[in-house]
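Chain nomenclature is as follows: A, B, C, D and E, assigned in order of appearance, with residue numbering initiated at 1 for each chain independently.
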Amino acid sequence: MSLLEAKDINQYYGGSHILRNVSLQAELGQVTVVLGRNGVGKTTLLKSLMGLVPIKSGSITLDGVAIDKATPYERARMGVGFVPQGREIFGRLTVQENLLMGLAYKKGSTPIPAELFELFPVLKQMLGRRGGDLSGGQQQQLAIARALAAGPKLLILDEPTEGIQPNIIKDIGKVIRMLADRGNMAIVLVEQYYDFAEELADRYVVMERGEVIASGPGSEMQAKGVRQLVAI
Amino acid sequence: MTPDLMDAGAQRLQKARGVTATGLTESGGRSAGYGRVHAPGEVDTTHGRILYLEDVHVSFDGFKAINGLSLDIAPGELRCVIGPNGAGKTTMMDIITGKTRPDKGHVFFGSTIDLLRYREAEIAALGIGRKFQKPTVFEQLSVFENLELALATDKRVRHSMVFSLTGEEKDRLGEVLQTIHLLDSAARLAGNLSHGQKQWLEIGMLLMQDPKLLLLDEPVAGMTDEETERTAQLFLSLKGKHSLMVVEHDMSFIRTISEKVTVLCDGSVLAEGTLDEVQADERVIEVYLGR
Amino acid sequence: QETIKVGVLHSLSGTMAISETVLKDTVLMAIEEINAKGGVMGKKLEPVVVDPASNWPLFAERARQLITQDKVAVVFGCWTSVSRKSVLPVFEELNSLLFYPVQYEGEELSKNVFYTGAAPNQQAIPAVEYLMSKDGGSAKRFVLLGTDYVYPRTTNKILRAFLKSKGVVDADIMEEYTPFGHSDYQTIIANVKKFASAGKKTAVVSTINGDSNVPFYKELGNAGLKATDVPVVAFSVGEEELRGVDTKPLVGHLAAWNYFMSIKNPTNTEFSKKWADYAKTKGIAGHKDKPLTNDPMEATYIGINMWKQAVEKAKSTDTDKVIAAMAGQTFTAPSGIVSKMDEKNHHLHKSVFIGEVRADGQFDVVWKTPGPVKAQPWSPFIPENKGKKDEPASKM
Amino acid sequence: MSGTNANTPVGAVPTGSVSLPSPGPLLTRTGWSTFIVALLVVCALAPALNLLVPADSAFHLSDYMVGLLGKIMCYAICALAMDLIWGYTGILSLGHGLFFALGGYVMGMYLMRQIGLDGNYKSELPDFMVFLDWKELPWHWALSDSFIATLILIVLVPGLVAFVFGYFAFRSRIKGVYFSIITQALTFAALLLFFRNETGFGGNNGFTDFKRILGIPLATPSMRMTLFVLTGLTLLGFFLWARWLVNSKFGRVLQAVRDAESRVMFCGYNPLPYKLTIWTISAVMCGVAGALYVPQVGIINPGEMSTANSIEIAIWAAVGGRATLIGPIIGAFIVNGAKSFLTVSFPEYWLYFLGGLFIVVTLFMPQGVVGLVKTMRGKLGARSPKVQAAERPASVVLPPHEAQPQPPTATPRGAQA
Amino acid sequence: MKMYWLRALGLCFALCMGANLAQALTPADALALVEGSASDRVETLQRLTVAPDARAAALIRAMAAQNARLHEERVYLVDGDVVTDAVTGEPATLPAEAQEVGLNNRLRGALETALAGLDLLDAGPQRQREAARTLQRSAFDEPDIEQLPLIDKALAGELDPQARQILELAQAAVLLDSDDETQRLAAAEKLGEARQAIVRPLLMAQIEREQSESVKTALGQSLKSLERSLMFSNVLAEGFTGISLGSILLLAALGLAITYGLMGVINMAHGELIMIGAYATWLVQVAFKQMFPEMFDWYLLVAMPIAFITSALVGAAMERSVIRFLYGRPLETLLATWGISLVLMQGVRSLFGAQNVGVENPSWMSGSITLMGNLTLPWNRIIIIGFAVVVLVGVTLMIGKTRLGLFVRGVTQNRPIASCMGVNTARIDTYAFALGSGIAGLAGCALSQIGNVGPDLGQSYIVDSFMVVVLGGVGQIAGTVYAALGLGVLNKFIEGWAGAVLAKIAVLVFIIIFIQKRPQGIFAMKGREA
C-alpha cells in the first residue's frame, strides 16, 4: 500500500469546481511528479493534501490512516512536509527562526540538522538575517530547508525550482533524488520545469482542468509524449 | 504597441509632466556639457542609451547588496540579466523604479533624466514599467479593471473621474486579454487567479502601460514550457519598439530571447556578452550555471 | 388606575454613569416612598427611566422623547452643566419642568428648571472664606486647581474676583487645569509644593472633576502633602468619590457641600437608613454592601418631594401652575434645615457645610453657615450681572 | 499592436462580441426606483405625515421622530463619507468626528450670532464671551454673522483642515494604523483645544440655546421639517455623487490603492492626489452633515470630537457593509435606531444588546447587513450560487463567467505588430 | 498665636527638663481640650503642654491618634481593647454611644507640634527625626528666638545624628537674624546645607536686611548652593515623573503590543482587560480584608497572579469565541472588540456598580522617600517603575527567546504555513491572546495603585495605549518601550512649563509630526517586508 493515497478528490472554490475526482498515490522512495498548465489545479491539489483547503468529497490516507479530516498541523505531525508555492517563508523571522519553525512539533531541544547547511550553504551565512530580506531564490532554498528540517515521511513540493539559479536547481534535484533513494520518504513534486521533472520522476501525473488526464511511471514520460500534453 | 499610441502617450505625458522634469540639468552635470535643448520629460536616447547605471552602491545594515554596479541598455534592446540568487537583480530593479534609494551612484533614463530625483509614480509615468518577482495585481479588482487601470492614459485625478474607455482602447484591452489568455476570466477577481495566471495578468498590465522600458523580474517563473515559449515570442515582438530588461534563471528561455546577457554577481557585473560567451565563462559556471 | 409619569434622565452608561446612576436610584426610591404613602393627588407616580449615555445631544433627544412621547409631568435629571444646557431649549420650547440636583457654576436661570444643587455662593465662596479664617488655617495663598471645563473655569473666575476683593494679589493665586480624565498629578503636586514653599500659608481649592480625584488624592497622600501643611478644599468630592480612595493619608482635607452623610439629625438618619434599606432590597451594586449618600442625592430627594408638594398645592401637574406653587415650598431636608425654594429664583436656600475627610471616608463637619444661604445664580462678581433680576426672564 | 483599428489582426475573437465587462450605470433600474421612492418619502411623505396629519392619528409622524430621523440622516452622511475613505480607499479615519464637529461649529457660530440680543446678558456677544469678560468678538468669529459666509465656511473649514493634514500625511506616505492613529491624535488634540474656554468656542458647554436661523425661529415644526428635508436631500445627493465617484475610474484607482498602493505607483498613478481628493471630499461631507446636525439637535460641543464618536462612524459603516455605499447608510440607521430604541426600552441593558450586535455582525455578516442580504438573495433567487458576487465591489456589473479558464483557441498574435 | 505657642513650647521644655512641676490633668481641662471652639481648645492645649503630666500627655497622644472618646462629659482613651479614663487613668468601659473626639486641621497641627516637643528626647530615632522635622518646619516657617532654648537643649542632649542635623538647621534659621554677627555668619553658612525650598525666602529676606558684608557673602553663597540643589532636584524630579508616567504607559501598552502589535487584533477591549485586572485586584483586597486582615499588606502579591489569570482567562474566552474567526480581518476585530468592550464595561457596572471601588495601597507602597531635602519620590511610583521593568523583561524574554514566543511570531505572520509546520495555531493564538490580556491584567493591578478603579478605567488608557504601540512601530516591543518612555518624559517636561492641557495637546501634535518623519513608528520595520 502506498504511503499516500488520495482518492477521488473533489474541491470547490465557492461555486467553481476546481478538482474533479483527482486520485494520486505516492510511494516511499519514489518521486511523484504532478504536471499541468497554469491554473489547472496543481496547487489546489497539494493544498488539499496538506489540509489547507477543505475537500468536498474523496479520501486521503497516509500510511493507511485517514487524514482528510485532520488539520494541517496534525498532518504535519504525522510526517508531511510542505514547500508551498511562492515560498511563504516567515518574512519577519530570521532564517534560523524559520528553520526552527520547521521543527515546531519536535521537542524543543531538537537541533537544526547540519545537513541542511551542506545542501544550502547560503543559509548558514544568513542565519541571522530576516527571511523577508532574502532574495527570491534564497527564500526558496529556505522554504525547502524548512520543510526538510523535521525529516518528513512525505514531502510535498510546489514548484521548488521557481526562481532558483541553475546550479542550485541541479543541487536541489540531487537532493530530491537522494532523499527519495534513502527509501524512507515519499515525494510529491509539482513542477513546470519539464526537464527537471522528467529527470526526477518515478511516477508522473498530468492534470488538465482539474482532472488527471494521464499518469504512469516516469520512465515512460518521453514515450507517452507528456511534454506535448503539458504544452497543448 | 502601436507607434501612434506611443506617440500620443508621449505627448500626453509631456503635457502632464509639464515643468516637473525641468531643473534636471544639474543632475550629476551630465547633460550640461551637451548644450542641447531637449523637451523636458522626453527621454533623450540620442546617445544610444535608454538606461544607464554607473557605480551604484546599496547596502542594507552593512550588507552590500549592490556594489559598484554599472550597466547600460540601448533603446530597443532586449537585455537579459542573470546571476545567482541574491546577486542583486531585484534590488537593481528596485533602484531603477525608485523603490530603493542607492547610497551612491547615478541612474539615468535616457541621457538626461536622473531617476534618483523621482518617485515611483513619476518614474512609471516617465515610461518605465515593471513586473515584480512576486506577482502583484489588484486582488479586489477584476482582471479587466486591472488592465484598465494600467492603460497608458492621463493618470491625474480629474481625468480619472470622467474617464471612459474609447472603442480603440477597448479593443486594445481585448487584445491584451487574449494575449495573456485571460479573456474568459476578464470579470473574475484577480485575487482568485492561480499563480501563473497572475504572472500573465501582470505582464498584461505592463503591455497596457505601454512603457518605453520594461523591467521583468522572472516573468516565466511558474509557467509551463509552452507558456514560456509564448512569453519568449511576446518579448521578442516587443523588442525594438521597447527596451526590455529581463531577469530570469530559466536558461532555455534566455537562450530563446537573448542577444546580450549580463551576469550579476555580488552586486556588480561579473560578465557581459552573448549567452554563449557568458556560458563559457568559467566564473559564471562556477557561481551560477554549475557544471 | 391613572398614573403620573415622571422622567428620569440620568446617564447609566458612559463616563457620567459613575456619578449619575445613583441619582436614578434615588429618584426611584423617592417615588417608591411617595407611592407607598398614596402617591400624588391620589395617583401613583410612574417612573420612566431612560439612558442618555453621557452623550449630550442624546440628552436633548431623550428629553424631547420623555416630554412628547411619554408625556411625563416632570423630569429629574442631568449632572454636568453641558447636559443641562443641552436639554434646556427643549424644556423651554415644550414648557416642561426639569429638576437639576448638582452644584454648578450659576449664570443661568430658566423658568423651566429648578436648581436644587448649589450656586457658587452656596458652596465655593463660603469654603474659601473658611480657609481664610483662623480655624481654616488663615490661608494667604491659593491654588485654584480644576479640570479644564466650564464649571471649574467659571467657579475659579468667581473665586478670583472674590479673593481680589479680599485683598489677595494675583501673585498669590495659582490657577492650573488638567484635561478630563487626567490621571497623572505628579507634576501638579510638585508645582503646588513649590508654590507653597514660597512662604505664607497656602491652600488648594479643587474643582477637579470626579474621575480625576482618585489619582489626585492618591498622589497627594503619597507625596506627603498633609492637610495641616496645605489643606485642599474640594467642591466635587463627596462620599461617593472617596469610595475609591484610601483616605488615611487624606485626613483633614476638606470638602464643601450642603449635605454630608455624617450629619447627625433624625431626618438624615432616616434618609440614610431608607437608602441603605432600599439599596439592599434592590440589590444596588456597590450600595448594597456599603450604602453611601451624598449631596446630589439629597438635592434630588428634596427636589422630588418639593415637586410633589407643589403639585398637591397646585392640584395639577400643569407646568406653569407647578412653577407657581413651587415658590416658597419648604421641606425638612436631611441636611438638618428646613430647606426652602426661593420665591423667585428657582434655587434652594441651603446651608453650607465644610467637612474634613475622616479616615473612614466620611466627613467631619468642621464649620457651617449660621443658616440657609440664598442662592445668587448671577454672581455679583461678574460685572455684567449688575442690575440683573433674580428671577427667570418672562417668556419672550 | 496593430496600427489602426481597421486592420486588426486579432480576428479570432472580435473583441466586440466578447462580454468585456463595462462599468455599470450609476444606478440599476431598481436602484433608481428605490432612489425616487426615498426622494418622495423625504420631500413629500414625511412633511405631509408630520405637518398635515393630525397628531392623534396613527399615521402622524411626531416631531420627536422628525428630529430623530433628521439626526440619523446626518449620521448616515458621515457613514457614507466614511465608506468612501475607508471602504473604497482602505484608509480608516478615526478623525471624522473632527470634521463633523468643525462643520457643526461653523454653523453653531452663525446660530449663536443669530441669538442677537436675546441672550442672558442682552449683549451682542454670545453669552459665554460676556461672561469671560471679552469685550469684542475674537478674529475667528469675524464672518459668523453672514449666512453666505457660513455656508462657504462649512465646506471650507473641514475641507481645508483635511486637505492640509492629508497633504502632509499622504506625502509622508503614512498608511494603515499609523494614519488612523494620527487622525485620532488630531481629533483628540482638537477636543482638548476646544475644551478650553480661551479657544473661544464656549469650552465644553459649546453652543446651545439657539433661537433662529436666517431670522426664522428654529423651534417650530415647519423649520424642523425644512431642516429634515434639507438633510434628506443632502444625503440622497451625496449618495449619488459618491456612487458616481466610485463608479468612475477614479473609484477604481482608489480601490487599487487600497489593495496594492505600490503597484498603483508602478502603474504611473501618483496616489497622493487621489487619496487627498477623496479624503477631502469625505471630510467635507462630514462637515456638511455636522452643519445640518447642529440646528436639529440644538447643541454643538467638543464631545463630538471624542474618540468614541469617530470610531462609531466606522462602526456604522462596518455594520451596514463596507464598500457598498448603501450599506453604511443602512448601518447608521440600524445602529442609531437601535441605540435610540434600546436606551429607552432597556436603559440598563442596552449596551449588552448593542455590544452583542457588533459581535454578531462581525461574526455572521462579514460583509455587513448588505452582504447578508446579498447572500440571502443569492441563495434564494439565483439558480447557481455565486459567492463571488458577494465579494465583488458593487461598482461593476458582472457578466456571468465560468470558473474554468478555457484553453485558448487562437495562438497569441498580440505580439506581432 | 504661633509665637505665643512656641514660647509655651520652650517653657514646657525647660520645665520638663528641670523639676517635674506638672499639674495634674483636671476633668475640666480634659473636657476643655476635647470640646468647644477650636480656639479655646488650642488655648487649653497650650496651657496643658506648658507642664504636661503623664495623663495630659496620654490624652494629647490619644487625641492625635484619634483614640480619644467623649461621652457625657467623660473622656476615654482607647488603646486596642483597653479603655481608660483620661483623667484618672483607671480602666473603664466605653459606652456604646461614645463619640470620637473631633479634630480640625488647626488642632491637628497644634497637636503635632505639641507631640514633637514631647517626643524630641524620649523617643526612638525614627520618631526623633520626625519630631525634629516638625520643629524645623515651624522654625523655617516663622523663625523666632523663643524656639532657641528648646532646640539648644535638644542639641545638648543625646540625639539621633540625623535629627541633630535637622535641628541644627532649625537653629541656624532662628539665629539668622541674631544680633551677634558671628552667629549670623555661622547660621548663614550652615543654611547652605539646607535643601528645602522653604529656606529660600528666609535667606532672601536676610540678604535684604543684612548690613555685614561678610555675612552677606555667606548668605549669597548659601543661597546659590541652595538654588543649585533645588534646580538639580527639580530636574531629577521632572525626570522621575516622566519615567514614572512612561512606565504607566508602558504597562498599559505592553499587552496591546502583543495582541495588536504581534497578532494584529485591533483590540478595543484592551482597556477593559486592564479594568478587569484592576477589579480582580480589588476583589483580592476585599477578600484579604475579610479573611486575613493581618496579612493585608501582602495582598498585592496574591492579586498580581490573580489579576493576570483573570484577564488572561477573559482574553482566552474572547479569543476562542470571537477573535479566532477574524484573523486576517483586522478591521473586523475592531468592530467586534468594540462590542466586547461595551459588554464588559456594562457587565462590570451590573456586577459591582457604576461607581469606583476603593483599592488601598499596602503600607509598603504608601508614602514616599525624600532625597536631597526636597525630592520626594512616592513609593508606589518607584515600585511601579520596577514592576514595569520586570514585566517588560519577562515579555521580551517570552517573545524573543522561548519557543512559545517563536510560534506566536510565526503564527501571527502566516497562520496557514505555520500550521503546515506542525504548529497548533489555534492553541498558540489562544495562548498569545491570553498572554497579552494577562499583561493587561497586570497593568490593571498596577494602575489600581495610583488611580481609580471603576468601569471606565479602561477607556482612559485605550487611546494612549494605541498611540504608544503605533508610535513605537507596530510589532516592535522595543519601540513600545521607547515610545512609552519618550511620551512620558516629553509630556511631563512640557507640563512643567505649559500646564497639563497644553502639554497633552503638544504631545498629540508631536505624535502627528513625528509620524510624518517616521511613517512606520520609531522602530520602523526595516527591509523589504516593510
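As a working rule, contacts are C-beta pairs under 8 Å (C-beta built on N, C-alpha and C of every residue); 3 or more make two chains touch, one makes a residue touch a chain.
Keep in mind that this is a model prediction, so the values were computed, not measured.
Separation of chain A from chain B in touch steps, taking the shortest path, is 1. Compare each chain's C-alpha centroid with the centroid of every protein C-alpha atom shown, and the nearest one belongs to D. Relative to chain B, the most remote chain by averaged C-alpha coordinates is C. Chain centres here are Cα averages; for chain C and chain D they lie 40 Å apart. If each chain is reduced to the centroid of its CA atoms, chain B and chain E end up 65 Å from each other. In whole angstrom, the spacing between the mean C-alpha positions of chain D and chain E is 47.
Each of residues 13, 39, 133, 232 in chain A touches at least two other chains. Those residues of chain B in touch with two or more other chains are numbered 60, 192, 197. Under the contact definition stated at the top, the residues of chain D that touch 2 or more other chains are 192, 195-196, 348, 351, 388, 403, 405. Note for the complex: chain E touches chain A at residues 403, 406-407, 409-410, 413-414, 416-425, 475, 525, 527-529. Within the complex formed with chain B, the residues of chain D that make contact are 1-5, 8, 10, 12-13, 15, 18-23, 245, 248-250, 252-253, 255-256, 258-260, 262-271, 273-274, 277, 388, 391-393, 396, 398-399, 401-403, 405-406, 408, 410-417. Note for the complex: chain E touches chain D at residues 266, 268, 322, 325-326, 329, 331-336, 338-343, 345-347, 350, 459, 463, 466-467, 470-471, 474, 501, 504-505, 508-509, 511-512, 515-517, 519-521. On chain B, the positions that touch chain D within their shared complex are 1-4, 97, 99, 119-122, 124-125, 129-130, 132, 136-142, 144-145, 148-150, 152, 155-157, 160-165, 167-168, 170-179, 181-189, 192, 197, 205, 207, 209, 230, 233-234, 236-238, 241. Against chain B, in their complex, chain A makes its touches with residues 13, 35-39, 43, 85-86, 122, 129, 133-138, 140-141, 159, 162-171, 192-194, 227, 230-232.
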